[in-house]
Amino acid sequence: MRAKVLAVWAAGCLGAGSAMAAEQVVEVVHWWTSGGEAAALNVLKQDMQKRGYGWKDSPVAGGGGDQARTVLRARVAAGNPPEAMQMLGYIITDYAEEGLLGDLTPVAVKEGWALVVPAPLQKFDQYKGHWVAAPVNIHRTNWIWANKKIFDQLKIAPPKTFDELLAAADKIKKAGYIPLAHGGQPWQDATIFDSAVMSAGGPEFYRKALIELDPNALGSKTMEKAFEQMQKLHGLLDPNYPNRDWNLATAMVINGKAGMQIMGDWAKGEFLKAGKKPGVDFLCFQYPGTEGTFSFNSDAFAMFKVAKSQEAGQLALASAIMDKGFQEQFNLVKGSIPARMDVSDAKFDACGKKSMADLRIALKNNAMVGSFAHGHAVPESLKGAMIDVVTNFFNKGGSPAEATKQLVAAVQNAK
Amino acid sequence: METTDSGASATQEAPRFSRRLQQWLPKLVLSPTLLITLVFVYGFILWTSYLSFTKSRGYPVHELVGFLQYARVWAQPRWSVAIHNLAIFGVLYVAICLFLGLLLAILLDQRIRQEGTLRAIFLYPMALSFIVTGTAWKWMLNPGLGIEKLVREWGWTGFKFDWIVNEDMAIYTVVIAAVWQASGFVMAMFLAGLRGIDQDIIKAASIDGATLPRIYWRIIIPQLRPVFLSSVVILAHLAIKSYDLVVALTGGGPGYATDLPSLFMYAHTFTRNQLGMGAASAVMMLLTVAAIMVPYLYSEVRHARAGGH
Amino acid sequence: MPEPAGIDSRPTGDTTMQQHWDTPEMAQGKGSLRSRVVIYGLLGFFALVYLLPLIVMVLTSFKPLSEIYAGNIVALPKQWTVEPWVSAWETACVGLSCNGIKGYFWNSTKMTVLAVILSTLIGLLNGYVLTKWKFKGANVLFGLILFGCFIPFQIVLIPMAAFLGKVGIASSTAGLVFVHTVYGLCFTTLYARNYYIAFPDELVKSAMIDGARFFNIFWRILLPNSGPIIIVTVIWQFTNIWNDFLFGASFSTGESAPMTVALNNVVNTSTGERPYNVHMAAAMIAAFPTLLVYIFGGRYFVRGLMAGSVKG
């Protein structure tokens, strides 16, 4: 009973609050519901309030955005899409193709986004020359996070080649630790696959195979080598890895039970939250063979086509997202780096600084590619089928040649 | 005279109209539900069937492509795994829930003290959403965290219970968690059925010298046949709906070893922008359900009619 | 001995005998100590197995996160803390607003109560019509309605969204109530029909002869004796509607989301931290209303399905 009274009271307060603010409200759908992410996003909300706009929060967590996208489909079908929604990579393109996204070009031109946002991101945040989404961050997926104490104790240096990685893992295993901490979920398996393909064939091969879907590249011996790497990595796992949450795997590294984890840079947040410092307690380095390359994924807020009266709010939101101050603040918390390259790296830690520096190098060498695992290489319709093959091979085993054939078949079937 | 005539006809009019109304009223009352079912169940099924013959990807496209989507679904190795799993899961789930539900009901029917408490203990799993109980089960079944670790710590160091990380056995862990959730409800239905059985027959049978097992097998359980029907309907419904449970417990893994048609359909319809394939898989799922449930329902409903109503 | 007819077993015995019935064993005069031990032993074992997940959840909800990461899930907390519960109620982050899940209870209650009442009432009327007013094809229609129980919600989500959008109730309590009523009708009709099919026709027929009308018979004769089946229906519907996530998330926005959406947002963070203790506490708080319904309705539940026959 008391719960109900409290609930009614709370609802009344909320109702009263929103009734008083007759400002224009921008509704945002996203899945950043953890404490840290919420704190980071609140910066944006306050900025919007300064600009005179209210923020209606409609988060839907789960599945790395899968649930949110389902809800979005329903809302689009019902004809009431939100003003903005968090989207990654090809999902933005898919919605743009359906003609559902609005146009941010006025504010983009005014603020000169095209000059500061890396070209690979622009490919997704624009559609047919119009800006449709404002990017928030750049994540990098070809990282390895390692426990420094274990590395120092065993006198291991960050491996530069895959064989060195295997040798290091061997030493770690013999000393009684788990060489590689991993959570057996399809997206995590695919994140490793990103790096394995990059390591086996370099960025050019990655492009041909995973972005252009050239059947020769997909079915080549190089791809088999990538699968071989996956196979060997599987031998470094502890037996209880299936369906382990990614942060529990990170906890294994933090607590000194495991030596390494191959994961995107949101893992850094876990280290920082546990009070660990880069270079002191943990190491961050590139997956061997991918030094100088940058497989990225970028969260962006896509703006839907809404009534004319709502458009001003969307432009304000886009502008607030691209604000340098917000970009810095948000990414310091999130573990990623800003989506605009003119933000100073002064406040970022060693790993963040390395990421930002590597970004420029990779851009120059045309070695920045969209992450396959996170929807920046192929559209969703293909990505799912390909990840099926990867995760099945990783868990079930089999021959790399067979897996390669299955990959080609999966792409054919899903096209 | 006129007034008498009109008066007489007026009183005749009223009953005739109200009698007609009384004839139509039941059908009128039932019709909203029928209309709703027609539109929102069968209408949507038809829409989904239509979609399964189109080239739809992320959104409906009205271009018919015959059985292409069905072929594409079958070309996915994952689909065969899903179907196979549904058979295993469905059969085991329904059978074990029925068995366990009946067993617990019979046990509880033996004039137990604390019957209410025990009943609540068996029923509560249904009240909890699987969004979080899935995590608890995941931990319990994980060899490094849960039961295997516990039993080993108690001394039985050779104990192995690593089904959930095993490609071939993982689906059985889904059965375990699902049975845990629903068997209490089945138990409650059986308990009610048991409570309604006439004691006189049992007394008569035992006077005639029937043994206890025979009494249960020959007399009591057959009278529970209608409860079996309700339970099967409920359990089949839950088995098809099983999405949250599997996602929370195994994520469909290891790999896609615990995939089910509901997960397959969800992934293709919403996440993978393959509306046509999702619709095709849904249609096949519904056809499978219909193939089993329709004969069953038909026989039970006919049995009811023959039973003298 | 009238054979129990119909979809569900209709009790033909005296229901008031509940306190005084003999188990089949006792009827045989064989209530032995050994069998008692076996029975209680089995029940105790099963009770423990069923309780195990709850034990894990409760223990986890009272531990600090460091102990959880250390990994013994059935160990008692070395350091009991109520903080996760407070956090789940007051400060857990459901998106940008970090006010716990308390604010969403009212949304769920509003929607659930209305949908339960509506679907139960319509279901009762349907059951009444299908069993007491013989018309051709009643059973076929029942079968048609019943098949609707098997339709997975993912199939209906998009078309239903389109419909609700056209009618204009896509993001409102009304929309959610409508959706849950529509897809609850097959169950409520099933339960009511099973129940009323054993309700003595003589009572209804004699009332008709006395001139009673359609609704009169329902209100005066059937409804007062329908207490048990109403409870059964309410329990089933309440559980399913309260715990529904898919419709709740798709047809609500912002602060008007039901509690399952809030719970999901607390628990299923993707790339952020996962305080498992808060998750467990939140789940148990969220399940509280349903658990209450089960515990208090439980006794009615049993009598509901069984007390269908009035000795006539």
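Letters A, B and C mark the chains as written, and numbering starts fresh at 1 in each.
Note that contacts are C-beta pairs under 8 Å (C-beta built on N, C-alpha and C of every residue); 3 or more make two chains touch, one makes a residue touch a chain.
Remember, it's a predicted structure, so these values are computed and weren't measured experimentally.
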Practice item. Tell me, please, which chain's centre (mean of its C-alpha atoms) is farthest from the centre of subunit B? Key: A
**Study point:** Between A-C and A-B, the pair with more C-beta contacts
**Key:** A-C
Point to revise | Centroid spacing, where centroids are CA-atom means, of subunit B and subunit C in whole angstrom | key: 14
Revision key, fill the gap. In whole angstrom, the CA-centroid distance of subunit A from subunit B equals 38
**Study point:** subunit A and subunit C, separation of their C-alpha mean positions in angstrom
**Key:** 39
Review point. What positions in subunit A touch 2 or more of the other chains?
Key: 63, 70, 73
**Study point:** Numbers and ranges of subunit B residues touching at least 2 other chains
**Key:** 144-145, 266, 270
Point to revise | For subunit C, residues contacting two or more additional chains | key: 158-159, 264, 267-268
Practice item. Within their complex, state which residues of subunit B touch subunit C. Key: 18, 22, 25-27, 29-30, 32-34, 36-37, 40-45, 47-48, 104, 107-112, 116, 118-129, 131-133, 135-137, 139-140, 144-146, 149-150, 180, 184, 188-189, 191-193, 195-203, 206, 212, 215-216, 220, 223-227, 229-230, 233, 236-237, 240-241, 243-244, 262, 265-266, 269-270, 282, 285-286, 289-290, 293-294, 297-298, 300-302, 304-305, 307-309
Point to revise | Residue ranges of subunit B in contact with subunit A within the complex | key: 57-59, 72, 75-78, 138, 142-145, 162, 164-165, 167, 170, 247, 249-257, 266-268, 270-274
Revision key, fill the gap. Within the complex, subunit B is touched by subunit A residues 63, 66, 69-70, 73, 94, 97-98, 184-186, 238-244, 379-381, 383-385, 388, 391-396, 406, 409-410, 413-414
Study note, to complete from the structure: Per the touch rule above, subunit C residues touching subunit B in the complex are 1, 3-13, 15, 17-18, 21-28, 30, 39-40, 42-43, 46-47, 49-54, 56-57, 60, 71-74, 122, 125-126, 129-131, 133, 135, 139, 141-156, 158-160, 163, 182-183, 185-186, 189-190, 194, 197, 201, 213-215, 239, 243, 245, 260, 263-264, 267-268, 276, 279-280, 282-284, 286-287, 290-291, 293-295, 298-299, 301-309
Exercise for review: Flag every residue of subunit A that touches subunit C in the complex, lowest number first.
Suggested key: 3-4, 6-8, 10-11, 14, 18, 27, 30-38, 41-42, 45, 55-65, 67, 70-71, 73-75, 77-80, 82, 245-248, 251, 255, 264, 266, 269-270, 273, 334
